[in-house]
Every structure is written in structure tokens, then in C-alpha cells.
Amino acid sequence: MKKSMKAVLSFAAIALLAGVVGCGGTSGEECPVCKECPGTTTDNVSDSGVKLSGKATNGGKVLNIWAWNYEFQSRFRSFYTKYVRTNADGSDTLSDGTTVKWTIHANDNNGYQIPLDEALKQQDNAAADDKIDMFLTEADYILKYTASPYSLDVEKDIGLSQADLGEQYDYTKQIAESDGVLKGVSWQATPGLYAYRRDLAKKVFGFDDPNKVQAELSNWDKFNASAAKAKAAGYKMLSGYDDAFRVFSNNMDKPWVDANGKVSIDPQMKKWVDQTKTYVDSGYSGKTTLWSGDWGTDQGPKGNVLGFFYSTWGINFTLAGNSCADSSKPQVPGNGLYGEYAVCEGPNAWYWGGTWMNACKGTDNQQQIYEIMRDLTCTRTIDESITRITQDYTNHKTAMHGIATDATYGSTFLGGQNHIALFEKSADKINMKNMTAYDQGCNEKFQNAMHDYFAGTSTYVEALANFKQTLSALYTDLTYDF
Amino acid sequence: MNQELVVVSRKNGHKSSKVTLNVYRIICYAVLLIMVFLCLFPFYIMLVNCTRANSDIQKSFSLWFGTNLSNNLRNLFKNKNYPIASATLNSAWLALVCATLTVYFSALTAYATHIYNFKGKKFVSTFIIAIMMIPTQVSALGLILMLYDIQAKTGIRLMDTFIPLVLPSICAPITYFYLKQYMDSVLPTEVIEAARVDGSSEFGIFHKMVLPMIKPALAVQFIFAFVNSWNNYFLPSMILSSKSNYTLPILIASLKASDPSTFDFGQIYCLMTIAVLPLIVVYFIFSKSIIKGLTSGAVKG
Amino acid sequence: MKKNSNHSIEEVVLPDGTIRRVKKNVSYNKWGYIFLIPFFVIFIIFQLIPLGQTIYYSFFEYYFKLGLTQVGPNFVGFENFVKLLTGEMFWKYLGNTLVIWIMGAIPQFIFALLFAVWFTDARLKLKFQGFFKAIVYMPNLIMATAFGYLFFMLLGMTGPISVLLQQLGIISETFSFRESAVWVRIVIAFINVLMWTGNTCILLMSGIMGIDESIFESARIDGSGSFRTFRSMTMPLLMPIFVYVFITSMIGGIQLFDAAQIYTQTMGGPQASSYTIIMYLSSLINGSRNYGVSGALSVILFIITGILSILVFKTLIPSKNIAKQEKRIHTKRDIWLRLNNSCYAEGALYESRTSSSK
């Protein structure tokens, strides 16, 4: 009798203790673990994430970050104030002793989202040091995660204030909002521009000054007229099928998929299809596809294309390299077309990509995540140095304005033009309201399907049918109105 | 009379057959040389691209070597995000272990269904062949889910370990199938019976007699299993997540999927070449013993 | 005194003619079960249970919206199967896959057999055999994705092959091998030929090597030409290995994924003409994690592969008895009979020759 009484008491004590510790001591939210403490096993396995335990807590010694490439890692290591060193096994050590563990899965064939989704679903069962604390998402699929319970409210759960976030561009916040709650922050903004060759502009228009060229391209009608002029002078306006896509897709009137899961083709998309088909048939555009070798060659001295639609990161990393005649030699003016490009706004404001940080439900590194997010996305000095050093366009209006109005700042690649100033103009006009979580698949499959139509190997109707087939294999829950 | 006719026809046949034989030989060499060219061409291009810079590779094609090899190699090894040495070691021992297990246990199983006449033998052997037809992607997915289940219910973590990669190699229906077919055409039961009479145990017979008899087949399947495991991407990429556990194909894939600012075809081809070289070495080591085994007539009936 | 009664002991004739008494096979059979244990234990844990789950879910509607939000599992019976089999996509993609496989398998088998025979023909005495064998196998060592990238690079509109052909005057303007439905299939089939001919050749060679040399000797002495020897002697003896090679090639063909995926940049070529059935399966799993439909697809594929394999078995190995007969070539008479089964015109009767020779 006595023995069993002791056992029951000690068991109850342990259970109670576990309950208190498990609750994390946060106020407000009822802790589900406590309710089931006495003697029963808690069922932590989540079905759709609803029963996941707890808000962000503190005390973890390991910070787990998931991403699909090393871009953020290099920003983190170069600019985060608390970064101390990288260890032999690839993890980082911070000044408060925390170890940062990186899990990088390449994006190929959905190779990032699949393990991420599985890990998220298992988040509750994972050991404290194995739980994901922060994961990165791209513009094309961020909505999927912000709409899920797996990403935390950066204001309520992480602690960023309105004042902190005030300097960020609105569209970067709109993208990451779900039901009015902000769930992700980005250190970059990625507005897009039209980068053109000065030498060809002179031949086509007679001048190459960005403001004057912009006047010739300020809307689609003018752009089309200029395309005809370019053709007359013997040049192409665009390199291939995909170049203008995002300029149209970012400006759609309706989302790809409506609230009921029905897919429809927006008039802007139809316009893109018609325009590209006309361009290809009339010789205004070549037949390359994005990222192909031919597309890259067109940007260099061997090409005869007037310009390319590019966003912030693309201009300095991709276009600069492609413009060179000899890439083993240093990238300086004189090497091929390096220094011969200039940028102007183009017919419409648009953006391309971008990376957001999301705090993961169940994290035990709330304070650290707060500091990282605050430092990299809300702090003027840090953001300004990121731009000045890497030429990445950062998400801080005042910092960017400072550089935009800095008369001494110019890009050597663009012949001294202050492209930040131009991006700044474009960034404010970006419109995000029609994004959906299905954009990644829709954008990709639609472009692919239409390639056949542009190349002449299928009719528009057939291409549309192909789009429907490949999209329905990817997202089985959608319906179609075509 | 018959004899003479036979002798004469034999002589004539001999002469004309010599000429046709030479013509035949020339045709053989020609075809083989074309084939060799086609087979070596991809390797050559890979090596050439190893030595060129990324933007060159993307923009143009070259039959000749470039000058960027040291650059590419330096970038590749400098990058702490790509632990090439550990990945190579991981790939190597994983492939070694998997190939050995596959070959040994497939031989054991094939021997079981070949020699012994137990009830349900035909069913078993057909069943195993049927297993071969399951698409690998499907069982992989189910396996991952099962591993998560085990972790949830027992707390034993098998993800990011090598156990789920090593153990399943014991069950390799394709290798089994080949060894069974091979034993069918090569392994007579009389010899086994004789050995039994001489007092060997079943295990002894298997190890001392059967395995040596099917050496060429074992060597062939070892190479195939080794190559298969070395180049295997799908399952390891879903199970291994910490960098120190990565295998080479996973590294190559993550190189290929870098964002545009760091994408470098030169490095990728370098890594691909590094990944292929050990295979070529292993292959050449084993091909000699295959040829030796095959031509020494180890399998006289 | 031994307890065994006579009928459990049999008499065995050893190769050297002596007669021994041994226990019958029956008591050894338990070893068969024992030796099977490792294989089946691993199979049950790592394949049967996951497979069972797959089959189980194929009767349910079970997927994740965008990979995160669970829908189901709701029991729907055969609905998934019906949807697949009545939809266009499944048949189109299956057709694509089989066409590409056949386009690759025919040259692959012809060349593999050809090479295997050449290498093992003692009369032909080809030199540098080691070199040839090694090189022909080497493409198998490269990953299929590497091949995909390589050919993608070589065969674009302004790629080297196209430019070369234009310069040689064979075509009038540059042509993209990536934008023609027919050519995409040819290229993918070609990649398979390059990768697998060596492998197939080695397997067939190992089979031929397993055939007793003296059989070929006798055939040769008998005056049989290469082709006849091949057709009547080699092929039938090689049949078990050939069946293996054929069936594994077919299974590999149905599961074609890597090369097609990379070469067509996951699109499947113009009008999805090279979109393989496993690319479809991968797509179902990637986006929606649709365990229901992908499970049904897997079951259907499994059944189709099974039916095709049985057909192959039955065609190539007509009946078990004949197969056993093919194997037993013990006397020169058997050889002669085999050789002369289909040809009456040449040679004197075997009996008369042997009786008139020394």
C-alpha cells in the first residue's frame, strides 16, 4: 500500500512538473500539455498542424535554419553582428554561444519543399535541438507557408514592432501577410527594370539617355512600337519566349486561382501570349528560353538583342557576367559589353523573386530570431552596407533612398548609372494583391506549355490543354474554367 | 568416297572462310570503333568542361581544353559548404557495404530457390521477381513515412543515419534474378550432392563451393550494385540531411541548384568528374578479375 | 543401426561413374527456408510494409493541399483507378514511355548481342578486346542526369551539333533537337543505348562464357558457320540470361525518369511527347503528395509490368521441359542433332563420319 502510494505521488509530482515546464511559462495561451498531464500520454502527432504545441520560447542552444541555397548564409555570415565564426562541420557559432545549424536542400524537382514539409509535419515529435527554428521561402511559394500554422506571427510571437518594420517596402510585407498577420520578413526587395544596350539604343532611337529611352518604353503600346523600330534597324527587342512574362504576371487583375480553387487565365496572361507570339513571328524576339546558353549569349557581344528584363540581383550577378566577352578576364569596362548597359523602368512595375525568413512554430530561439530579423531586415546601417558591398537591393526605404540620392554612387557595370535610384522608383509601385500559393506551379507550367505554341509545334488550344494536364498532376485539388 | 568428298569440301571451305573471316573482322573493328567514340565522347566533354569557366560553358561549346581548371578546383574545394572529401568517403563505404550485402544475400537466396525443393519454392521465386516491378520511387516514399512513424512511436531516430540505406540492400530482387538465372544455366545439382556425401555442411557447401563457382557472376553484379549505390540520388537525398553525411550525388545536386549568383557549371563538371573517377578505377580493378574468371574456364560442367 | 528405411535413401551416379548412397533431398529442404530468412525479413520491413501502405491508400482520396494541408484519407474505392484509366494522361504517358523504351531497346540488344558474340568467338580472335569491353561499359558509370545535361548542351538551336550540320551543308538553317517531338524521343532513346549497351553486353557475355567450350568446338568441327552456331546453340543456352536482360531492360524502360526529366527540363518535350509515366508519378508526389492517385498509379504500373513480364517469359521460354532439355548437352550426338535440326543440305551424316574416322 505504502509503496504504491509513494509511486502514485511521485508520478503525479513528475507529471505536474513536466506540465509546468512544458507550458513554457508564457501567458495568455492555454497550454494543451497541462490539460493532459496526469498519467495519460499526450497525443502530439498533428494531423493538419492544429494541435501543435506552443508559441516561440527561449533557451535553445541550437538554432536550426532551413534554406535551399547559400545566399542567405553568406549574408548572415558577412553581416549579422553576432556571428563569430564558422566551424569545421559547417555550423556557425554566435557570440552568445548558440550554434547555428544549416539544412540546405536544393530546389530541384521540389527537393526543398518536400523534406521541409515532412519536417514541419513532424515538428512536434522532434527533439528540441532538432526542431526547425527558421526557414526561408521564396516569393513563388511563400503564401503556402504563411497560410499554414507553421510560420509564426513576427509581431506577436517574435516581437518585431511596427516601428521596426516601418522601413520595409509594403509589397514585401503584403506578400508575407495572412489574414492581416505578418508572418515573414525579407532583407531584400527585388524590383525589376529593363536593361538595354546603349550602343544599340543609339542605333535604334538615336539616343541612349535612360530618361529619353524610358519615354519610348513607358507603356506596352510604346514598347511594341519601339520593337518595330528595333526590327527595322536589324535588332531584336527581346531575346526569347520568357523574357516579358513576369512583367505581365505581376500585373494581373485576378489571381491565378480564385478562392474556390478554380484556375482561370487572366487577360494579362493572354496578352503576354499574344504579344510574344506576335514578337516571335515578326522577328521582334528570338526563340531562347530563360537561363539557356543561347539566352546568356544574347547578353554578350555576340548577341543582337536590345535589352532584357532583369531585377536587382540579376543585373549584377547574371547580366554582368554574361556581358563579358572573356569571362576568365576581370569584369571591367572594355571586356565585351561590360559597362555598355543602362537601365530604365520599362512599361510596367514588376518584381522577380526574393527570399523571406519565416519563424517556425515550436521554435525555442525566439529572442535570437528576433535579433536576426531585426538586424538584417530593419536596421539601416546593416542594410545599407549590404547594398553597397553586394549590390543587393535591401528592404529599407531610407537606406535605399540614401544611396539613390548619393551622387557619388554608381554601378561600374552600368557605366556609372545609379540604378538604385531607378529601382527605388519601381519598388514602390509593385502590386502584390493577386498572389496565390499556387503561383509557382502555375507560372512554370504555363510558360512551359506556351513554348510549344510560340515555336509553332502546337496550337494555342493544344498548349492550353497541356497546361491543364501538367498543372492538375501537380495540384490535384484544382478545377478549371477552360 | 565419302571421306574424300568431305576432305575436299573442308579444304575449300577453309580457304574461303578465311577471307570472309577477315572481312568480317574489319566490319567488327569498324563498328566497335564507332561505338568507342560514342562512349568516350561524353567523358571527353565532361573533362573539357571541367577546365572552362561557367559563362563560357553556358555560352559556347569547345572541343578543346580551357584554362580554368585550377580556378574551378580551387573554388570547389575552398567552399566549406561542399565537403567533398567526406562526401566521397561516405559514397565509397556506403557503396562498398551495399554492394557486398546485395551480392552475398542475393546469392544466398538464389541458391536457396535453386537447389532446395521446398514447398512453395516456385511461388517464392516468382514472388521475388514480382517485387522487382515495384517502381523505386513508390517504395521510397513509403519508407520515409515509416521511418517517421518509428521515430514518433519509439523515439529511435533513423533519419539522417545510414541504416535505412544499408539494410534494404540485403533485399535486391534484380541481383537475385540474375544469379538465379545464372545458377540455372551453370550449377548442376550433382556436384552439390557429391559434396554433401563428402560430409560438408550446407553453409560450407555454399561458401566453399558454390560461391567460387559463380565468381564471374558475383563480380559482375558487384560492379553493378556498386555503381548503382554510388550514383543513387533519390533515397539518400530524402534521408540524409546533415552535411557530414552527404554523398556525392547529393552534393552535385545542391551545386546544380544554387541560385543564379553562385551557379557555376565549371565546378559542377569538376565535381561530376571527381564522382566518376573512383568508379572507373573500381571498374578497371574488377574487370580484370572478371575476364580472368571467365576465361579460366572456371565453370566447366 | 540406422533408423532410416530404404525409401529415404537414393542412389546417385557421380560424374566419375561411381554409385553412392545418400539421403534424399527432402531433409535438406529446411535449409532452403533458413537461407531465405535474411532476404525476407528485410523485404517485409523495408518493402512490404511501405508497399502495403501504398496499396492501401490507393483506395482512398488522400493528398495534401500544397503539400501541407491534409485532405482525407477518405475511402473512395476504385475511384482513383477509374480516374486514371479513363483519363487521357495515363495512356498518353504510358505510350510515350513504351515507345522510347522500344526505340532504345532494339539497337541496345542488337549491339549487345553482337558484341558479346564477337568477344567470345574463339575463331574471330579480335584484338584489344579488353580495351573495347572496358570502354563500351563506361557510360554506365555516369549518372543519367549528367548525360541529360550534356546532350541538352550539345543539341540546342545554336548548339555545336546543329552548327556543325549547318556548316557541312546537311541542313539549311540551325535546328533545335530539343524542339522536335521525334528528335527528343530519339535523343532520350540514344542516351539509354549508350548507357546500357555495355552493361547488357557484359551480362550476355557472362552467360556465353558459362557455356562449355567443347560445345563450340564440336560445332565448329562440324562445319557450322557462325550464324548457325549462334542461332541453334548459343541462343537457346543463353536464354535464361537473355530473358533476365530483356525483362530488366523492360522494367528499367518503364521506369525511365532521369534522362527524360533533365533533357526536357521537366517539361516532357514538345506537346509532352516524352513525358514518361514516372515523370507523371513524380509530379503527383511533388506538389500534392497525392498518396491516393499515386498509389493507384503504382499498382496499375506494377500489374502492367507483371503482365508484360509473363508474356516475355512464356514467349521466350515456351515450356519448362524444353528449357530443361536445352540445358542438357552431354554428348556430341546432341550437338549434331541440334545443329542439323534446321538444315539438311550440308554435311554427311554424323554416324558415317564418326564411323569412318580413326
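We just call them A, B and C in the order they show up, numbering each chain from 1.
Here is the rule we use: a contact is a pair of C-beta atoms (placed from the backbone, for glycine too) under 8 Å apart; a residue touches a chain by one contact, two chains touch by 3 or more.
Values in this document were obtained by computation on a predicted structure and should not be read as measured data.
Participant: Just by CA atoms, which chain is the most central one?
Facilitator: Central chain is B.
Participant: Out of B-C and A-C, which chain pair has the most contact pairs?
Facilitator: By the number of C-beta pairs in contact, the winner is B-C.
Participant: Could you state the distance in Å from the CA-based centre of chain A to that of chain B?
Facilitator: Here the centre of chain B sits 40 Å away from the centre of chain A.
Participant: Taking the mean of the C-alpha atoms as each chain's centre, how many Å separate chain B from chain C?
Facilitator: About 15 Å separates the centre of chain B from that of chain C.
Participant: Just how far, in Å, is the C-alpha centre of chain C from the one of chain A?
Facilitator: Chain centres of chain A and chain C, defined by C-alpha means, are spaced 45 Å apart.
Participant: Can you list the residues of chain C that touch 2 or more other chains?
Facilitator: 153, 159, 282
Participant: On chain A, where are the residues touching two or more other chains?
Facilitator: Answer for chain A, listing residues that touch two or more other chains: 114, 293, 297.
Participant: Quick one: which residues in chain B touch 2 or more of the other chains?
Facilitator: Residues 57 of chain B each touch two or more of the other chains.
Participant: Under the touch definition given earlier, write down the residues of chain A that touch chain B in their complex.
Facilitator: Per the stated touch rule, the residues are 45, 68-71, 73, 86, 89-90, 101-108, 111, 114-115, 118, 122, 125, 291, 293, 296-297, 300, 302, 313-314, 317-318, 321-322, 324, 327-328.
Participant: Residue numbers of chain C touching chain A in their complex, please.
Facilitator: For chain C paired with chain A, touching residues are 63-71, 88-89, 153, 156-159, 176, 179-181, 261, 265-268, 270-272, 275, 280, 282-284, 286-290, 293.
Participant: Name, in rising order, each residue of chain C that touches chain B in their complex.
Facilitator: Residues 12-15, 20, 22, 25-26, 28-33, 35-36, 38-40, 42-43, 45-47, 49-51, 53-54, 111, 114-115, 118, 123-124, 126, 130, 132-143, 145-147, 150, 153-154, 159-160, 194, 197-199, 202-203, 205-207, 209-213, 223, 226, 237-238, 240-241, 243-244, 247-248, 251, 254-255, 257, 278, 281-282, 285, 291, 294-295, 298, 301-302, 305-306, 309, 327, 348, 352-353, 356.
Participant: Would you tell me which residues of chain A are touching chain C in their complex?
Facilitator: Against chain C, the touching part of chain A is residues 47-49, 109-110, 113-114, 117, 120-121, 144-145, 148, 150, 287-288, 292-294, 297, 437-438, 441, 448, 451-452, 455, 457-458, 462, 466, 469-470, 473-477.
Participant: In the complex, go through chain B and note every residue touching chain C.
Facilitator: Spelled out, the residues of chain B in touch with chain C are 2-3, 5-6, 10, 13, 21, 24-25, 28-29, 31-32, 35-36, 38-40, 42-43, 45-46, 57, 61, 105-106, 108-109, 111-113, 115-119, 121, 124, 128-139, 141-143, 145-146, 164, 167-168, 170-171, 174, 176-178, 181-182, 184-186, 190-191, 193-194, 196-197, 202, 206, 216-217, 220, 224, 227, 231, 233, 249, 252, 272, 275-276, 279-280, 283-284, 287, 290-291, 294-295, 297, 299-301.
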